[in-house]
């Protein structure tokens, strides 16, 4: 062992053996779904049946949001120069930061402040929300995760909370998110929770560390970025000017499972 | 519509509506697993039940391979400088290229050459493999996807082919991969198929375009990269010298589902 | 020395000593200009006085080309998400590929083909150009580095060739570039050499390896990318839609040294 | 003009005209050195003769520091996977952050705090340094930019300050840096200013905005990263294990201008 020896807790690789958080990978292959393996490698333990169902919903929720998010535009722009698939997708990943995806963590932190205010001050969630949002307003601070450029009622938020109810995962941060919404409404401006905010609430209730929350968004969005990059590489003219707003949809018409 | 108007076939976003390849996303959330949604967005259609089972196996197979792959080392190195989560993961993605992950596509192309040789020349797969590998040898070309730095018998390859058999997906490229293995053995050097090669065979049999194959590997590996980056950011000294070989494993001991 | 010991020829670092290609860096600081040090580290030797003058012209020539190149748009898009300065600039660098900047290498390779055709066949440069371009036309191949989306007469090309003449660096590739221009004109379509093509000719005449040519463009463009990223971070609204064409200039009016 | 119209102050591009901060680029080519053009595009005005001399020293100072910095290791690791030149260099750039290069800004901020303490409190620089460093010690805060893993007396620091003296650029931040060094010595531990700290002092005295300081380091280091990436691509085995410490130098022996 040299002076630079170090240890990891993620995966053990020995000849003819790969063990993820202790589980032989060939044992996981077939016994664990991809969503379960993701939770295992990120959080250290396999999820139970109900959590698995919720995770599938969570990862599907952010798989794509069309061509206008900056991650998609950055990935397509890089792809249009003749970059490799991996460099193009990487440019998309690099765009997931404070202002894009980052509302997940930001919203969680505000919700957590609300939950602590309620618990420490013996307040109802509604009163804690009112008090906290008044403070935010006075300090001209925005609450991340509320309002959306396109959606008035984000269909993903409703579905996500419905799933939490169905599988038994309604926790304090989700309740506080709803208290925030009510509080905004009372003050006369409707600022509905968007999917980032909803994910912050749900991931917080699941005990995901704040710093890791954006990572869940990355995992979810990589397939979407890939689909856009592949379309750019195979169907678009190199070096075209990619208009960030003036584009349409020419794929399959609406259909249902 | 400006002169720069363009169209996408991936996702349609309208107020209060997000439709992935035509399916409302809130419909997919709960009805489709993450693996199913990934196949949908990359390939355009939802997979059936058996293909879904195989996809879960495929995505789990490459979720991580410890700290020595260059994608992990690049991601950890960037993370050690104080980079963001997204920039660190992006550096890992950027490392997935011809020599790392790329054997998936490279092996597929060689197998496809073999399949065409057999079909066009009226040869058995064994004879086509022998003839093709003789040509490769004469031209001093290596066949990607065979042999491994660490594993003599890659446990993921066996499990992957077993799953193909179980779910009914054994196709020509997989058969040709086995013909290649036999041919190598006959010529006196054992070069077992590694997981990259096996994925090339299986994805080829599933009709995934070669250029997209590395993308399946990226989707699968992002959670592993995240786990390593998070460990680096939270438990390691900034700017440490990251030895690419002299490291151990201190996570949970071997356990089974 | 471990089994992984390796050697570099770039820079030797010892306690209290840093030597670039053999020269102590504190010796270079003050005795060599930045352009000279760049040539030293990339090509191995310090340039003489005339080459130094030409290098200053070369590096200035590509320092920026406004906001429309994809490298600038990718860098600004990533910056608009709250990414770090380094991740944003990196996204710009990642956009310098075959279709953007890459014409430098591509044009050089075509010019080199022309020079070899002339030398091997005992042809004049004009005849070799005519013959080669006829072949390109027949095979529907474009010659990179000729024509420009905006400029009919790229002011940088003229100035670059003027400098080559002034400092004594007119070589075969530059002459062949002019033969190509003449040949295009004779065939009825005016396709003037752009700055990428001109750089390919000049760097080729200076003996820069083709694979490194794009690197000269990166060195030159990084300051421009930085200026755009800094402007985006300090003066623009996060997550704005960055129109790739509809933008104006509000900096200092035209002025001269 | 669409609703997304925007303006830049960096470069105006019109048919047959490119103007950087107002100067036609073909006017700059030959009249301005690369270092002068860099200052122009980053800071808005051309530097005078003495500042130009200092800038050449500054940009040369950080052009490379061998293979052990994480930016070099990240770039080489990505290059070893078969990535493009641009993706490899980009991975190096992405590694320039708070812990690598970032001491430039961090040191400036601490020095600036010292200068303000002196000015506001009517203290000598020495007394202000003593008081501030005592506070840092009490709060267990490190001062970035002092001490080095390899060098006890960084040769670049001495040369940089010498150049400032020669060209007339000794300012408050540089003086405060020297007051810090004296203060550390008096307290019994020798923590000499490293080149990052020295650059923070000098760039601060030149009026470079703190957020931009790391950008000067990027501009300076890109040629070094390129040299390493090119060496990796052309002389090293793909996917080799890149030891971050056990490497030697086999380039030209020490030589002088």
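In this document, chain identifiers A, B, C and D correspond to the written order of the chains, with residue numbering beginning at 1 in each.
We adopt the following convention: a residue touches a chain if its C-beta (ideal position, glycine included) is under 8 Å from a C-beta of that chain, and two chains touch if they have at least 3 such contacts.
Since the structure is predicted, the reported quantities are computational estimates derived from the model, not experimental observations.
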So using the touch definition from the top, which pair is joined by more C-beta contacts, A-B or B-D?
A-B
For subunit A, which other chain has the most distant CA centre?
C
Could you put a whole-Å number on the gap between the CA centroids of subunit A and subunit B?
23
Chain centre separation in whole Å, for subunit D relative to subunit B (CA means):
40
Please list all residues of subunit B that touch 2 or more other chains.
2, 4, 68, 83-84, 86-87, 90-91, 94-97, 241-245
Flag every residue of subunit B that touches subunit D in the complex, lowest number first.
2, 68, 70-71, 73-74, 77-78, 80-83, 87, 90-91, 94-100, 102, 238-239, 241-245
Per the contact definition, I'd like the list of subunit C residues that touch subunit D in the complex.
1-2, 4-35, 37-38, 41-42, 44, 46, 53, 55-57, 59-61, 63-68, 84-87, 89-91, 93-97, 101, 150-156, 158-160, 163, 166, 209, 211-212, 214-215, 218-220, 222-224, 226-228, 230-231, 233-234, 236, 240-243, 246-257
Using the touch definition from the top, list the residues of subunit D that touch subunit A in their complex.
4, 83-84, 86-87, 90, 94, 244-245
